[in-house]
């Protein structure tokens, strides 16, 4: 029934390749099916003005799509002269999500910027960015710990994200683009490996949903996140 | 325990005054306690390019805060040269929420723009904008119906929104600013009067939450939205 | 003969309500007939770089129109990405006018920003902004004086402004929108309560005027400003 | 008493050289003492959307200062990314002033753009731009008339402008930069050769003025404009 | 003597992998040593306004660097609000270079946009973009030819580019970043496979050069381009 | 054969008038036939951040065209909101070229900005800007030397630039606009008076060229630069 032939509760194949760029302190290329996102982590000693001198660290994110990551070419945002509303929303979400998994005291007064650049898009780029972004973050923090600059682990539990939605009347896990563009209801679910929730964004376009349906999607999301955490752990220990 | 002395499940006093500007096709000033938002509806015959010729209508929204709506003065976005990320996020949310309650076929090929301008802010401006925005929209649609331009009611069920959060360890309804700035977890809940969900955005900053807590907030939100719908209905029938 | 039925030298009804927002150091809602402008004053300890260390104070202004303050909706300047030429001209005028009535030594090295936001427009918004702006400024300065931060009154004489023009061949006082859009000659007259002039801007579009006509408008303006000053004094003493 | 040694009612030397660029339909370099402005007129067959099909013509203006036209280098507005408030105000004034001297029916549905670029600044650049701009406009219209495209003269009477102010307590004609930067009151007076007024902008910074003083400045301005008109007529007939 | 240990006339290892993104009509990932650029080609039926109706085709290019493609993180141009001068210069060069190798009559009235996005930078990104850009272009044109939309081959001869410079007093081929940042003289040489020149840009910073030196670099460039053409041909025939 | 009737190796008449604006530390109006560029030099004590404290000087340039310097009016870049790609490219080239002729140690930690504003364009504006820019720079440096602020001459050898191209199959010197718009190959050649090369930019649009042709253009350029240097020396010694 799903265009890809997947079962309702079946994720796309996930692969996370680390160390893909030589300059970044942490990096990975995450592939969720045909969605490919390059995530890099940059460590800097400066922090935003509003926490200067607080001893607390900061994690932030930027997101972009290559112009031809999509089926028809998008205008390059650098040429347009500004980041679109969707881009701004997504990068704020990624930053907020990752910070929820960071002990900012343990990190110390430094900033880590996660850049998520979509090489190829097929739905779910924001969730892939969070899941891959955590891996890049983990690798960068590992460098700080190996160098003795950070002594207590600030990343206690992995952060991962997956989208679920109601497609053709059925709750399905990990929407790809053909499903996403048809689904009247879809949500992004961001969790810790422990199952604790960080953020739920569940919205409808031309439809509404019941609390029952919301709970069905949450059940699917828990399954999906558990599988993503396995992939994250394998990647960072590789 | 709440700074305002309200009970955990107690809303701020709500007032919705309609007909507050002479030019707009629909307008109201909504007050949720000290949060005051002016909502106006503008009807135009043109629609965005992507639905031209489809026969479908469109509802969109813009949001702004007056520079001194807040405790310390904010920079005027018109002077800054762009709308900030938070503004863009909020106005996209308002538009999406209101569209979910509109039968776009019945509306016909026209656009209604809801402007939500915050005169005074004390937390919950996006929810007040949605709740008041629906009233302005309803009044504008009433004009179209009286004029015979729209014959079938495109607004079957009111749309309203309320925020809830976990404040000092307790689930509370309708966060005001002192609560909002302290709450580690807060959510915006947008529903139809029927209780069907349109959008849930529940996020944590420096904290996480369980599914149980999520359900407690949803219970509170259902209570709040029911009260808001009463105020909306009273306003549009006044 | 005037669309509103007013006499040639008759002002619209004026009302000035103070204390309309809880955050600003001074505020009022001024109504000149159907023109409604919200004026707020913000006190800050910093001054612009060019007077830093001079001991002198600064008063500046910003002006905006809500998108649906007008008969057909205007584009929101924050969305357009810049303030239009008319906006910039008006806010520079308001700031210059108010500064002319301020003893900047007595004010001391601090800045007061007057925000003038047009809620509903029906002609004469810049004059209403100046007249209402002075009230907000006065209230903010009163706070400084009550707190002992300013000891000598920096606002010796009220500043008020009114527009006059030649409509249907006749000099008329306090143009409303239907008059303003037809008048070939119109002027803005800014004065102290004493009658001393601060700024005269009298321009023609598709017409010219004689010195005699200019003097007739000045006579009208003196009458109008005297009435506005009465309203200002009543408002700040209320 | 004046820094330049001029008498109170003495203009700077005026020179207007025409035909200074080969591409423009009309051009001149106007020198008011050390203030040098290059004015060019461009004829185009299109008009702004709001008069399309009306049969009426349009005259508009743009103004700029070369970065080193001033004593210390100004930032280039093209590099800054926008025209400053002062620039916008001035170019709107120039356009409005010139239009007041144009019979837009006789001009026919075409647009003439006057570009005024300040090569060297020493006070009074906006007045020089209007006076020189009229010459460029006249020359462009002459071309249209010679070509038979315009048959009735749309420029009945020259438009010229001069600044006056109160300097060291005395009313003086044609302020140069050292006077302008000291004068508490200064005005720009735009007139037809006939003496009819087009626009008066008379403002005070840190001072106020009486109606008597205003009349003294108007007297001076009438003298100055008469002299400018002589120079304009000599230039266009050369 | 070279930091990399390469001989003076030795290129970095070159690899060109095609078909790297599923959406683009042509794509490749070109690696010149540690410089990695993703090149995609997009075919569109529209052409720029200045050639509309001419029957001629157009090839254009856009260039960008991922924020962490470099040793320290660069600001994202989409966030900055504009493309920097270097970016604009490079993308204009890429477009001009590729057009020189295209028979625009044979291409027919359509546009091909080459996006060159630097994944990892180590010197020579603009040359890699041209060389890889031609491969993406070739693959896109092949699609048009296979579909019968283009019947005569518009790409007669490959276009390739290489940088050469004077490093430590010696002419060297294919500068990497450590060389590029030290070289007082460096040039970019763009040629057809036939050896005909398309563009030479040879500049000095804090140095100058003789015609003899220029000829030595041209000799090296001819060698380098010949090797690149071999790699291009292998890639497109793979 | 050339539209102007010039011989293949004949320059346009060159004139360089110095001291044309009273504010700049150095200035000239350079005329290459009908191409007229105003060049001014501004000395400032600050340097860009990346060389602060290094003791080294900096020379930079900005370039602009007056809107009606061209045959049809160009949009004013200040109004457009940004400098176009061509402008940015040219001003970077001018700055780089002039720096190549400066001993930055001898100049000392100060910045000289060369503004090149095109009053009238007829091809070759970037070369005229470099040649005239050097004259303005020389005059500014002379002031520093006369004042004893610079003691060792930082400008050892004049920098000049000329364009050459292949027009109607023939190599020609100093392209004017009618030639430039037809030439398939054209180059800009920047040299020291000694004949040492600073920058060569030789590009083809819809054509290619051989090394022989490149050498022919270089021969022409050497002749042209020698003549320009004579004019520069005459101007600065006048």
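We call the chains A, B, C, D, E and F, going by the order they appear; numbering starts again at 1 in every chain.
The criterion applied here is as follows: contacts are C-beta pairs under 8 Å (C-beta built on N, C-alpha and C of every residue); 3 or more make two chains touch, one makes a residue touch a chain.
The structure displayed is predicted, hence computed values, not measured ones.
Among the other chains, E has the CA centre that is most remote from the centre of subunit C. Centroids of subunit B and subunit C (each the mean of its C-alpha atoms) stand 33 Å apart.
Separating the CA-averaged centres of subunit D and subunit E is a span of 51 Å.
Distance between subunit A and subunit B, defined via averaged C-alpha coordinates, is recorded as 28 Å. Residue numbers of subunit D whose C-beta contacts span two or more other chains: 81-82.
Listing the chains around the ring, anchored at subunit E and oriented toward subunit F, produces E, F, D, C, B, A.
The touching residues of subunit F, when paired with subunit E in their complex, are 82, 85, 88-89, 92, 96, 99-100, 104, 187, 192, 196-211, 214, 218. Residue ranges of subunit F in contact with subunit D, taken from their complex: 21-24, 27, 34, 38, 40, 42, 44, 62, 64, 66-71, 73, 76-83, 87, 113, 115, 117, 119-121.
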